[in-house]
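As structure tokens, here come the structures.
Both complexes shown next keep subunit A, but they swap its partner, so subunit B is in the first and subunit C is in the second.
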Partner chain A sequence: MLNRRDLLKSSALTAGSLLLPAGLRPAFAAGEDITIGAPLPMSGPFAANGKFGSMGTAMIVEEVGRILDRKLGYIEIDTEGKPATAVRKVQEAMERGVTLFSGGILSSEALAMGKEVAKGNGVFITTAGADEITGSECNKGTFRWSVPTFGAIEQTVRPLIEQLPDAKRWYTITPQYVFGDGLLNAAKAIFKEKGIEHVGNSYHSLTEKEFSGYLTNAMAAKPDALLILNFGSQSSDTLRQAVSFGMKQRMTILLAWASGLEQFETLGPDLMEGVYFGAQYWHGIDSPFNRELVAKVQAKHKMNPNYAFASAYLTTKLLIDAAAKAGSTDGPAVAKAMEGMKYAGLTGDEEIRAADHQVIKNYYLLKGKAKSAMKDKDDYADIISFGKSFQSPEEALCKMA
Partner chain B sequence: MIYLFQLVNGIGLGMLYFLLAVGLSIIFGLLHFVNFAHGAFYLLGAYLVYDMTERGVNFWAGLLLAPIIVAGLAALTETVLLRRIYHLPHTFHILVTVGLALVVQELVIILWGPVGGNVSPPDALGGVFILGDFIYPQYRLFVIGLTLVLAIGLWWLLEGTRLGAVVRAGSESTDMVSLLGIDIVRVNTAVFALGAGLAGLAGALAAPIRGVEPFMGIEALGIAFVVVVIGGMGSYTGALIAGLLVGIVQSVMATLWPEGARLMIYLGMGLVILTMPRGLLGRA
Partner chain C sequence: MNRASLHFLLAALVAAALPLFMRSGTLASEVLIFAMAAAACNLLLGYTGLLSFGQGIFFGLGSYAVGLTLLHTSLPLSLALALSTLAGAVAATGVGWLSIRRQGVYFVMLTLAFSQFFYFLAYTFKDVTGGDNGLLNIPRPAIGPFTLGNSWSYYTFVAVLFLFVFAALQRVASSTFGRTLLAVRDNEERARAIGFPVRLFKITAFAVSGAVTGLAGALHALLIGVAPLSSIEYHMSESILIMTIIGGTGNLFASVLGAGFYVIVSDLLSSIWPRWLLLLGGLLVVVALFMQKGLWGLLERLVEALRSGRKSPVEAPVRPESEGRGI
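So, the complex of A and B:
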């Protein structure tokens, strides 16, 4: 199988030469009729995610080929992971007639783009994490596939407490902003309900890279379980340093919001073995649609789809299906077609809730495997449990404008 | 008791910060050259160890080779590019070295990809040291010990050898040193390579603690500048004291006021700039 790192290296080499000055790169030749916008961080620290996302969008666009008797294409929009850049480039794309957008990996850029696209009567679907996207800042043009913080905690902390009845003392490490607090508050509610002692929490800034001080605090509190509530490279750093402090041998570790395969490749099985992870997607999910996708991606790209790839593939498909159903690429018509849509998705049966545009899907609790137990190079984890947990639109504070 | 843990942890962090910053400080001291590419040498050191261990090379061999390779590359860069701009104002130094740092970062992405990686500590140091309630990774203890030995060795090099005397004299007046028949151009290259090699070693030592990712150089550069500004530009002892101070403040604050741990480092730097513009032990 192709090495994922090699694949990204070649894409990193070619991307720069292919970008147009405006940062908009038509993936197909001119003359296409329907264009999907893919605003993703193609450069900067999150470029790897963006590149896999772009590959996912490209694959479904190529696969479908035509809808409504018009040729289908997509435009890769490099947001650079910056909200202001993302908004400016999305505006440019909308001026060129693009109404349908799938992308936005980072919460800040997704929130900004969602508002902009909605203002221009377009439709934007994202996989970003911020609860506000389908919560307090929900709007008529924005949809979100990923499970919010409430469901991520309900489907990881709750089943783990049930599996580990002796783990009565939990310590949390939390990034200090809305996303972290969303996860922390959901965890605290479960601790209270289950009689768990929350022996401490360490807040840290979004730029922190050194977690040994916080881990020293955690060890001094002698917890039975360590709940890591940051994400991306910060969660990898926290876990790496926790393992070096021997915490894996002394307590259960749960990383509630993992990125899946892309993160596991950087961690490796030695760090992951015995650690629990929460995930939006895993290529080992046993659903017909996912099995089909995994087979297709293996055949085409000689790799397993990761979260960025699979979610971009699916969210772009939802836009295409909705446009076909609506018989138009007009934003409000496509949005209406998406509302209440039920479909066989990556995580099984999924549904787009009409009231807040949140996709109702499963969230997964995974457990890292020993290197010797891995069946192939990507077989980092087993699925322990999964399920759907969502606040009502009212509880999530969505008042659809 | 927890503050004692944090103190030890802070010393561990601080020694790594010292190693990172002292090269920057020495280069500025002798060459009066602001090297914004210093983080890039740290990045290269980390990635070289990562690459070698991925290829099955022994970690210890990687730890030895990485700083040597980085020092060699730095010497080449100094000879081909940087020595041509020493006489220009600092803004040109910044322009060229920032550009150099970006080139190195992009080369790292092209060579190793944008996704980071993990470097396991050597098996002999993979465990933890336990003394009662005190638990600390053996590898971090090794880093403290090694950097301590290096700090003493570096002090001896600068204070007790002829090369050190030339470097110290050169930092006072390069013209005078040249008039004494010493080839200051070669000394400059050697000092630049030494400073960059120390950054490479810091990167190689940090790789098992932090992992590797293409943007780690920028973060390291930030910390290195904080340490150098607090300690005083060009001061070896200043870099040591400031490195330890920053490490200990960062670690102890993780208990006292966790969300402000990083803020306090930069706040401390701001205070030093306001009250002691030359840093704790800096010269004019």
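So, the complex of A and C:
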């Protein structure tokens, strides 16, 4: 298996390969290999996600081994969580002949990389959250596995309203940028439809770490439910502070865009108990492909796959399957093979919609368990409901270039 | 050969040698782009004694200016770059005019505050800047008959601009104006007493530095096809300052060394170890403790040691040298 990090480690230590003249350097992808690029934040604040993403890609590449009578490998590309670095390194990988990429956890880097890969006639599949990826900025080379904001709200807020008919007053906390507004607008539409009173919203910036002021405002509005629309460490901080304020006892809390196991491990069952979470993936999903993956990961890594691991495994597999189907690693041919592809995926039957390159898959509503009810160390939550909700490509503003 | 000519020759050698030793035109272009930004920062830090955290503002504004111009007008690339340079200069004049009213730590705090201010402006006006997603789809049009689509053809374009800018900065540094900046740095009160318009000189230094940094930002946006929000945030200022300090603030070529070292070593280290930022932090500690003249100082000591055939002398107290003769 070809791993850029391992290869560079040895070459850098022995010869400072980066600065050697081109003719003297070891090639990253030996002549006949098919190389998948894995642009992930391996360093910086999102390095933990990058590490698991890389493990997922490595596992499927190792499993498949060969396609089209050629050895399969991958190169790990450290985006450092910065769009500029991500694009620059993707450009370099493309110059070395890589056409297929799976990665991009952060929206800003995924959007920029998608554009770059499409420009170079490659294919890029990502799990990043920004709606624009398969919406207004959709393009011929970019595919997205994760459910956009519309579906995340439809599959969390709507079922929760149905489960809690007495929760008539909702308060929202929203990060003030495009992603947050996407979630908020979808939630407002449901509130309006269901006759829910939206008693208030607190906007905060992407750099915010202290949420007590927003939570105080939320408590003053006396809502029946608190809808947290930020993500990552911000959503964990918001939830921690909300629980310490005793809000869990006074209202229902829904964190609509959780990252699953990796986030739950940092929160712990005491915080999570009784709280609802929206998730793209959960290792407890009862689908044949997921059960198979969970067993394989447990056997190989002695752990359950988290979202970053599982999604990277699947998205890389989609690229490999499409290349095999197309009989080529040529970007446009692989993209064509991916369009309309139906397969048994992690969340059950999944399909890649041809018109906007969005994967049609389930989104999950989970509920945190009490520590005493956990069957194993990772059994943090139960699946309450799930389903598929997507805007049409036209509604999502995708005009495929 | 005088010192300025030697430094220009060294800069030209770097620009000519990078294609021979680097696998990627993209990485090579990034080295020269940040070399420009670091040299511009050096004009403030090394020559005027101003530690500015505002460099990211000018870099980011340059990125946005070129992107918005090329996306929304039919102006040619040369004019788009000129506008980016102007945007950097105008912003730097404003930031400089307000910041130099205070000295020392208060000056640094003001530039930090401006850095945050401009970051949040870019973040808030997402319809203009793209907000957190960045300004996407920035084209890289041809300049006259020359297409810049290929990474090495773009590198050639960047290299030509880099040498032009480097020569211009050298000219500024060795002019009466540049030598007066050194006087201001060394003893502001005395320079004022002699009759130099110190404030005007500092603002002008800011404007020149901002103009070059704006141009570097524009070239960077053209390189990657996007003007990300990270281009205007505080960390960009920090990176440019680190490059300047690692290279050494003694002369402009030291900044080329610093930028090259930072960009290449970061790229190499990030491929080897995910916690590479720790190593970079360690390196900064070493530079701050033992190599206060930066890589250039180290190089000088090595050359001196080779010349004299004995052990390198104990480093003299830090006193950035002048490209000119001093006053």
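The rule is short, and it goes like this: the second predicted complex is superposed on the first by the 369 of 401 C-alpha atoms of A that agree within 3 Å, B and C clash if a C-alpha of one lies under 4 Å from a C-alpha of the other, contacts with A are read in each partner's own complex, and residues count from 1 in each chain.
The definition used in the following text is that contacts are C-beta pairs under 8 Å (C-beta built on N, C-alpha and C of every residue); 3 or more make two chains touch, one makes a residue touch a chain.
Everything numeric in this text was worked out from a predicted model, so none of it was measured.
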Partner chain in contact with A:67 - subunit B first, subunit C second, else both or neither: neither
First, second, both or neither for A:130, with subunit B first and subunit C second: second
Which of subunit B and subunit C A:107 touches, first, second, both or neither: second
First (subunit B), second (subunit C), both or neither touched by A:265: first
First, second, both or neither for A:240, with subunit B first and subunit C second: first
Contacts of A:212 with subunit B and subunit C, given as first, second, both or neither: first
Partner chain in contact with A:203 - subunit B first, subunit C second, else both or neither: first
First (subunit B), second (subunit C), both or neither touched by A:47: both
Which superposed partner A:374 touches (first subunit B, second subunit C, both, neither): neither
Contact residues common to both interfaces of subunit A (with subunit B and with subunit C): 4-5, 8-9, 12, 47, 51, 205
Subunit C-touching residues of subunit A, taken from the complex the two chains share: 4-5, 8-9, 12, 16, 18-22, 25, 42-44, 47, 50-51, 78, 80, 82-84, 87-89, 91-92, 95-96, 107-108, 111-112, 115-116, 119, 130, 132, 137, 177-179, 205-206
Interfacial residue positions of subunit A with respect to subunit B in the complex: 4-6, 8-9, 12-13, 45, 47-48, 51, 176, 202-205, 207-210, 212-214, 216-217, 219-220, 233, 236-237, 240-241, 244-246, 262, 265-268, 270-271
Subunit B - residues contacting subunit A, complex: 1-2, 5-6, 9-10, 12-13, 109-118, 120-121, 127-128, 130, 133, 135-137, 139-140, 208-211, 213, 215, 219, 250-255, 258-259, 261-263
Subunit C residues touching subunit A - in the complex, by the definition given at the top: 20-27, 30, 120, 123, 126, 131-134, 136-137, 151, 220, 223-226, 228-231, 264, 267-268, 270-272, 274-277
